[in-house]
Amino acid sequence: MQLTDVLIVIAEVSFVLMVSPLLTGIIGKAKAWMQCRQGPSVLQPYRDLWKLMRKATVASREASWLFFVIPYVCLGAMVCLAVMVPVFNAGPSGGVGDMVATIYVLGLFRFMMVLGGLEGGSPFGGMGSSREMMISAIVEPTLLLSIFSVAAISGTTDLSSISRFFAALGPKGLSPTLFLASAAIFISLLAENSRVPFDNPATHLELTMVHEGMLLEYSGRELAMMEMASYVRLTMFMVILSNVFFPWGIALGTGAGELLVGVASISLKLLLLSVSVAVVESVMAKMRLFRLPNLLTVSFTLSLLAVMSYYIL
Amino acid sequence: MSPAALPSLMLSLPLLGAVLAVLLRSERSRVYSYLCSAASAVAAAIWSVQVLLEGTASLVSDAPSVWGEYAIRLDPLGALVLLITALTFACVAMYALFSREGVTARSALLFNCFVLSILLAMVADHVLLLMIAWEAMSLTSFLGAWGAREDEDTIAGWRYLAITHFGAALVIAALAYLAVSSGEVRLSEMRGLSALIGPGASAAVVIMLFLGFGSKLGLLPFHIWMPDLYSRSSSTVTALLSTAASNVAVLVLVRVTFSCVGVEEQYALSLTVMGLAALTALWASWQALVQRDGARVLAFSSMENMGLILLTMGAAMLFRAYGAAEPAAFALMAALFHLINHTVFKALLLMGAGTVRRAAGEWDLERLGGLARGLPGLSAVFLIGTLSVAALPPFNGFVSEWAMFKALMHAEPIADPLVRIALPLAIAVMALCTAIAATAYLRLYGLTFLGRPRSAGAERPRPLERSELFPLLPLALLCILLGVASFPLLEELAAAVSPLVGAAGLKVVEGSSINFLHQGGLDPLGLSALLGFGMLVAFLIVRATGRRKVERVDTWDCGTPLDRRTQYTPTGFAQPLLRVFQKVYRPQIEVREEPRPSEYIRAVRFEQRIPEPFVDHLYKPLTAGAIALAMRVKRMQSGSIQAYLTYIMVTLVVLLVALR
Amino acid sequence: MIEALLLVPLFTALLCGLARSERTIYVLSAAGSTVTALVAFPCCYQAFSGPPLHRGPWYLDPLSALFVLVIVVITLLVSVYSVQYLQHDRREGEVNVKDLRYYHVLLHLFALCMLLVVVVDSLGLMWIAVEGTTLISAFLVGFYKKGEAIEASWKYLIICSVGITLALLGIVLLYASSMAALGEGADTLDWSALRAVADQLDPALVKVAFIFIVVGLGTKAGLAPMHTWLPDAHSQSPTPISALLSAVLLNCAMYGVLRVHILAQAAVPGFSSSLLTFFGLLSVAIATAFLLTSRDLKRFLAFSSVEHMGIIALGFGIGGPLAVLGALFHVVAHSLTKTLMFFGAGNVIQRYRTREMREIKGVGRTMPATASLLVLGGAAIAGSPPFAIFIGELLITAGALASGEYLVAGLFIALMAIIFAAMTYRVLGMVSGRPQEGVPAGELGALRLMPMLVLAAAIIVLGVLLPSALGDALGSVAELFEVII
Amino acid sequence: MGQLVRSFAFQSLMLAAIAAVLAHYTGSEHIYVVAGLTLVVKGLVIPRFLIYSMDRLKVRREIEPLVGIPASLLISGGLVIVAYYITEPLISSAETVTRNCLAVSLAVVLIGLFMMISRRKAMTQMVGLLMMENGLFLGIISTTYGMPLIVEIGIFFDVLMAVLIMGIFAYRINQTFETLDTTFMRRLRG
C-alpha cells in the first residue's frame, strides 16, 4: 500500500465527512421546494453541529458509563466504514474488509445506538430501540441477500473489485438481478436511515418516531456526534448503492484526471440519490408502524428474487 | 518425558479431585479438588499444544475391556478444540470456586467427574470408550444440574436425561453398526466406510448420528429440555454443558461423518441436514427473543449457534457431494472456528449471568435493570460477551460468522440450479437468525444493565469481590484475541480439516487478511485498528473543541415523574417483532379489566403466554399415547389365577400347533 | 468338593434351625454363606480353567460355574443384608424368633436347592431341584402371613408347578428323542451324555421338547406371558428374598432353558434360538408397558426383572459371539444391579412403611446415602453407562446388528429408551421432593448400606473394565454355545 | 368333590395298571417299581390326604365352575384332538405299543390344565395339577419305558411334597379368606 493510496483513502474519508451533512441539507431543501416552501439553508446541518459542539452536555442520572462511550463508537464505526468503502477511487481500500464486513460495521453502529436508546430508561428510548430492532431484523437479511446476488455475478464480495467489475462491464453489465437488488437496497436505505415512510426525522411525535426516540437523551457534543454519525451512515449507503450498482466514472487508477472524474461522478450520483430520497419523502406518507413489515418484506422478496433470477435465468 | 505423561495426568487429576472431594470434608478440600480439575485442564492444554507441534498422539491402554483395548487419540483438529475447551475449563473451575457456587462436596465431586468424562469423550478413539464417556457426561451433568432436588428441578432434569439418552441410543446403534460392519473398534481405524456399507446405510447412520448428538445440541425437536435445565441449574454446570459438551458432539460428528463414513454423493442427506439445522436456528432465535429469564435466552442462543454450525456443516457436506473439496474445507473450517468462539463467549456469558443472579438476587428480566451503574466491571465484561455473541466487530463471533457467510457464498461448484438455491436460502436464514438473535442479546444486555432498576434487588446489587470477576477476564481477553489475531488458529484449522474432505492443504490467509479463492477478504486486525482509529479521530475532534462540563439531571419525563414501571419492559421490547412473527409465536394474550383505582384511571391487566408447540403437539400426545397403550396391556395382570393359567395353556398350544 | 459346596448350606440350615438366640442365627447364617462362597470359588476356578468337573451325579462346567458364583455371592450379600432388615421387623413386632429361625433355615435350603439345580448333570435331577426351589421359596414368599402374601404364594406355587410339570414333559420327550441315539436302556438323562450325541437327536421330538421346556421353565424364569406370578411373589416376599428370587432364582430357571437350548441348537439349528428371541422381545415389550404404569415399588422392580430376563433370552436367541457374550455378561450384571435396587427399595420401604411410589418422596433428604445408591442403581438398571448392564445391552445390540437382525435391534433400542425414561422418572421422583411429615430421617444401619456399596462398586468396575479372569470365564462359557470369542 | 378325588384315584390306579402291563411287556423291572409307587402314592396316599384335608376344611361340594359342564366337555374333546394333531408326527418315531399313549398323555395334561383353569376351588386346582402329573407319567412310561429310577423316585417325592405344601397353603387360605374359592384372591393386580 503506497503513500498515494493512503492519501487517497484519507481524502475519501474527509470527503465523506465533509459532504454528509450537506446531503441531509440538500434533502431538506429539496423537500421544501417540492412543498413550495423556502426551507432551511442546505448548510443548516453544519450550523446545528457547530452549535451542539459548543453546548454543555446534559445527561440522565440513570445513564451509565456506556452512555458516554457510545457516540465515539458510532462515529468511529462510520469513519471505519468510510475507509472500507471505495468512494471515488476503486483502489486498494477494500483490503480491510469486504462487503459482508461493512454490513457488520453498520450492525455495530446500530447495536450501540439502540443500547444508547435504552440508557436513561425513558419510555421514548425503549420505544425507539425496540422499533429500530424490528426494522433491522428484516433489513439485514435483505442487505446480505442483495450482496450475495452481486457477489454471484461478479464472483467476489470485495467492494472495489465489484466496482471495477461493473465499471469495466459498462452498461451491458445491467441485468434484472442488478435492478432487483438495487431496488431492495434502496428500500433498505430508507429503512436503515429512518426516512419516510419508515420514520419521520422531522418530528418528535412519539407515534412515529424511531430514530429520534433513541437520541432523545443525548445532548451537546454527544448528540452532535450521533447526528454526524447518522449523516455519514446515509452518505455511505448512497455511496455503496452507487458504487456497487452503477460504478461508472469511478477512478480505476490513481491519475489526477481519473480522480477528478471520480469525485465529480460520485458527487453527481449522491446529489441524484438525495433528490430521489426527497421525492420519495414528499410523495409518500409515513406508514403505520405495523404496516412497515409488509414493505420490508417486499424488499426482502426483491433481494431473494434477485438471487433466484441469477440462478434460474 | 514419556508421551503418556500428559494425557494420563489430564485424566487422572480429575479422579484425584473427585476422591479429594469425597474424602476431605473440610472447606479447604474443595479448593484442592477444583484446583485438580483446573490443573488437568492445563495439562490438556499443554498436551494439545504438544500435539499441534508434533502431530497426532495416540495411546492404547492395556486395561482389559469387553471389546478390544481402550484407546485415546488426539489429532490436530481435536487438539485445537481441546485447547480452547481446556482454557474454558480452567476459568469455569476458578469460577465455581470463587463464586462459591460449587462449595459443597457433592458439586465438587460431580464437577470433577463431569470434567473427566468430557475430556475422555473428547479424546476417546475406542467406540465403547466414547459411548461410556458420552453417557457419563449426560449423567454427571444431570446430577450436577439437579441441585435443589425439588420436583420441578427433577422434571426439568429428567427431560434432559431421557431425551439425551434417546439420542445416545441412536448414537450407540450407529457406532455399533459401524463397528460390527467394519470389524474395527477404533474410530481412527474406520476410513470411508460408505464404500463398504453402501450409500443408503451410510446415510441412515449419519442421520442417526446427527439426531443423536443433536439431542445434546438442541436440534429440533430435541430442544425442549434446554431452557428449563439452563434456568434451573447452576451456571457452573450450564457453562460446561453448553460449551464443552457441544464441542464434543460436533467434534465427533465431524470426525465420523467426514472421516469414518465419508459422505460422497449424499445430496439428499446434506440438504436434509441443512434444512433441519436451519429450522433449529430459526426457532431458537425466535424463542430467544421472547424469554423472560436470562438463562433461557442463553439456552436458546446455544441452540441457535449450534444450528448455524450444523447448517454450515451441511453445506460442507453438500460441497463434498458435488466434489468441491476446497469450499467444503472452508465451510468446515468456518463451522469449527465458530464452535471454538462459541465456547469462549458462551462460557463468559453464562458465568456472567450467574454472577448477575447472585449479585442482584434476581434473574427475571422483568425485575432487573440499571446494573451497569452498580457493577461497572461486570457490565463491561458482559458487554464484550454480548457483542461477541451478537457477532459484531471486532470480536471473535464476528470473524467466524463472517467466515460462515463467505462459506455459503460458493454456489458455483454446484451443478444443479435447484440445489444451488439452497445456499442463498441458507444465507437468508442465517441472516435472519443473526438479526433476530442480535435483538435478543441486545434485549438481554440492555434491560439487565441499562435503564432504571425494576426491583429492589437490582436497585442495590451486592458489590462483587474482585475474585468473582477474575475468572471472566481471560475469556473476555480471548474474545478479543480470537477476534483480532486468529490467523494461526485458522491456518491450523484449515490444515486439520482439509484431509477430512479430501482437499489439498487449504490456503485461507493471504497477506494480512483472511481470503479464500480471492473472493473478498477480511483483515480482522486492520478492521479493529480502523475502528480504534475512527474512535480516535472522533475523540480528537471532540477534544479540539475543548472540554465541557457534564450536568446530571432526571430523564426527560414530559412532566410526569417516571418510576421503575414507566419504562419499556422486556415483554414490551419484544412486542413489535412478536407482532411481525405472530404466525410463529401464536401468543395467548389475555387482557383483563381490573377495578379502577379512581374513576379517571382504567386499570388493565395484561398477560401473555407463548405456547410451546413441540411440547403440546409432539411430546404430550406421544407420552399420553404410550401410557394409554400400557394401560391396555396392564389389564392382562388381572389378578385371576385362572387367567394366568390360561395364558400358559394358550401359549403352549399355539406354539405346539404352529411349530409342529 | 462339590459335595462340600452342597453340604455347607445344608448344615447351616440345620444349625440355624437348632440355634436358640437371635445373634447366633445371624452369625451362623452369615458365616455359612461366607464358607459356601469360599468353597465355591476354587471349584469354579477349576471349572473355568480346566475340563468340566464330572464326578458321580455332579457336573460342573463353566456355565454352571458362572451360575454357582452368582448364587453364592448374592446369597452371601442377602444373608448380610437380612440381619438388620429382620432386626427392624423385630422392632416393629412383625416377626418373632421362631419366624426368624424359620426364615434362615428356608433361606439356606433355598440356596442349597438352587446350587443343586446348577451342579447336577442329570436333567431329571435338575428338574427335581427346580421344583424344590419352588416349594421352599413358596414359604419364604408367604413369610408375612398376611392375605396378600398367602395369595401371592398360592399363585406362585400353582403357576410354577404347572410350568414345571410341562417342563418335565419336555424333558421326557428330550429323553425319548435321545433313545435312538443312545440305544435302548442307556437309561441316562445326563446332559453331558446328551451333549455328546446332540446332533443325532430326533429333530421332531426335540422341537416339541424345547417348546415344552421353554414354556415350562420360562414360566419360572419369568418370560412373558408366563411371568404373571412374578410381580406378586416379588412384591409380597421379604425384600431380601425378593432380591434372591429375581437375581438368582430366575437365572437358575434360565440356566435350565440354556442347557436344553445348547442341545437343541445342535439338533435343530435355529429353532430354539428363534423361540428365545421371540420370548425375549415379547418379555421386554410387555415389561415396558408395566414399567410405565406400575406404582408399587417392588412390583416395578419385579417387572424390570421380567425385562432383563427377556434381554438375556434375547441375547442367547440372537447368538453369535457378541450377543452370547453380552447375554452372559448381562446375567452377572443384572443379578448385581437388581440386588442393589432391591436392597435400596428395602431401606426405603421400611423407612416409609409403604410401597406406593407416589407416597415416597424426598428420600434424598431423609436417607441421603440410600438415595444416591438408588440413583446410581436406577441409572444402572435403566442401562446407562458406565454401569455393567449397559455393556450387556450394548453387546447384545451389536450382536443383533452383526447378525443382520436390524428389526430386532431397532425394537430393542426403542424399548430400551422408553424403559430408561420410565425407570429414571420413577427413581428420581422418589428421591426428589420433600417427605411427608411423620417420616423419620436417617439411615437404617451400616449393614444395610455395606452390601449396597459393594454392589455399586462392582457394577461400576464391570461397566468400565472387564477383569481378565471374568473375561476368560465368560469366554470359556461362550465356547459351550459353539462361539469362540 | 369327593367324587372328584375318587375319580382321580381311579385314574391313578389305571395308570399303575398300564405301568404294570408295560413292565410285563418290556420286562424292565424298574417299571414295576414305578407301578408300585404310583399305586401307593397316587392311588392311596394322596387321595387319603385330600379327603382328610377336605374334611378338615369342610369343603363339601364344588360350586359351579367358571365354564359350564357341556362347554368344558366340548373343550376337552377339542384338546384331545389337538393333542393327537400335535403328536402325529412324533408317534411315527415311537413303537407300536406306545402308539397312542403319548397323544393320550398330552391330552390328559392339557385337560388337567384346563380343569385348573375352569374350576374355582383351591382343592380342585390341586387335583387338576395331579391329573397333569398323571398324564405326565403316562407319557414317561409309554414313550421312554421309564426314566432313571432315581429320577422317578425323586419325582414321586416331589409330587408328594407339593401336595402336602399345597394342602398347607390351602389351609392358610381357608383361614385367611374364609373360603377356598380362588376367584376371590384378586387383590394383587396391575
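The chains carry the letters A, B, C and D, assigned in the order they are written, with residues numbered from 1 in each.
Methods note: contacts are C-beta pairs under 8 Å (C-beta built on N, C-alpha and C of every residue); 3 or more make two chains touch, one makes a residue touch a chain.
Here the structure is a predicted model, which means the values were calculated and not measured.
Within the contact network of the assembly, the step distance from chain A to chain C comes to 2.
Chain closest to the overall centre, judged by the mean of its C-alpha atoms against the mean of all protein C-alpha atoms: B.
Averaged Cα coordinates give chain A a centre that lies 100 Å from the centre of chain D. Centre to centre, using the average C-alpha position, chain B and chain C are separated by 43 Å.
Inter-chain spacing, taken between the CA centroids of chain C and chain D, is 30 Å. The distance from the centre of chain A to the centre of chain B, each centre being the mean of the chain's C-alpha atoms, comes to 35 Å. In chain A, there is no position where the chain touches two or more neighbouring chains simultaneously. Within chain D, contacts with two or more other chains are made by residues 86, 89, 113, 116, 125, 182, 185, 187-188, 190. The multi-chain contact residues of chain C, meaning those touching 2 or more other chains, are 154-155, 158, 162, 166, 208, 231, 290, 293-294.
Chains that are in contact with each other form these pairs: A-B, B-C, B-D, C-D. Within the complex formed with chain B, the residues of chain A that make contact are 53-62, 64-66, 68, 71-73, 75-80, 83-84, 94-101, 104-105, 107-108, 111, 114-115, 118-127, 129-131, 133-134, 136-141, 143-145, 148-149, 151-152, 155-159, 161, 216-217, 220-221, 225, 289-290, 293, 300, 304, 307-308, 311-312. Put simply, chain C touches chain D in their complex at residues 122, 124-125, 127-128, 131-132, 135, 138-139, 142, 145-148, 150-155, 157-158, 161-162, 165-166, 168-169, 172-173, 175-176, 179-180, 185, 187-189, 202, 204-205, 208, 231-232, 235-236, 290, 293-295, 299. Partner chain B is touched in their complex by these residues of chain C: 154-155, 158-159, 162-163, 166, 207-208, 211-212, 215, 219, 225-226, 228-229, 231, 271, 275, 286, 288-290, 292-294, 322, 325, 329, 364-365, 375, 379, 382, 384-386, 390-391, 394-395, 397-398, 401-402, 409-410, 413-414, 416-418, 420-421, 424-425, 428-429, 431-433, 463-468, 471. Taken in their complex, chain D has these residues touching chain B: 66, 82, 85-86, 88-89, 110, 113-114, 116-118, 120, 125, 182-183, 185-190. Across the interface of their complex, chain A is touched by residues 369-370, 372-373, 376, 379-380, 383, 387, 390-393, 398, 402, 405-406, 409, 411-412, 417, 420-421, 424, 427-428, 431-432, 434-436, 438-439, 442-443, 445-447, 449-452, 512-513, 518-523, 526-527, 530-539, 542, 545, 548-557, 562, 566-568, 572-577, 579-580 of chain B.
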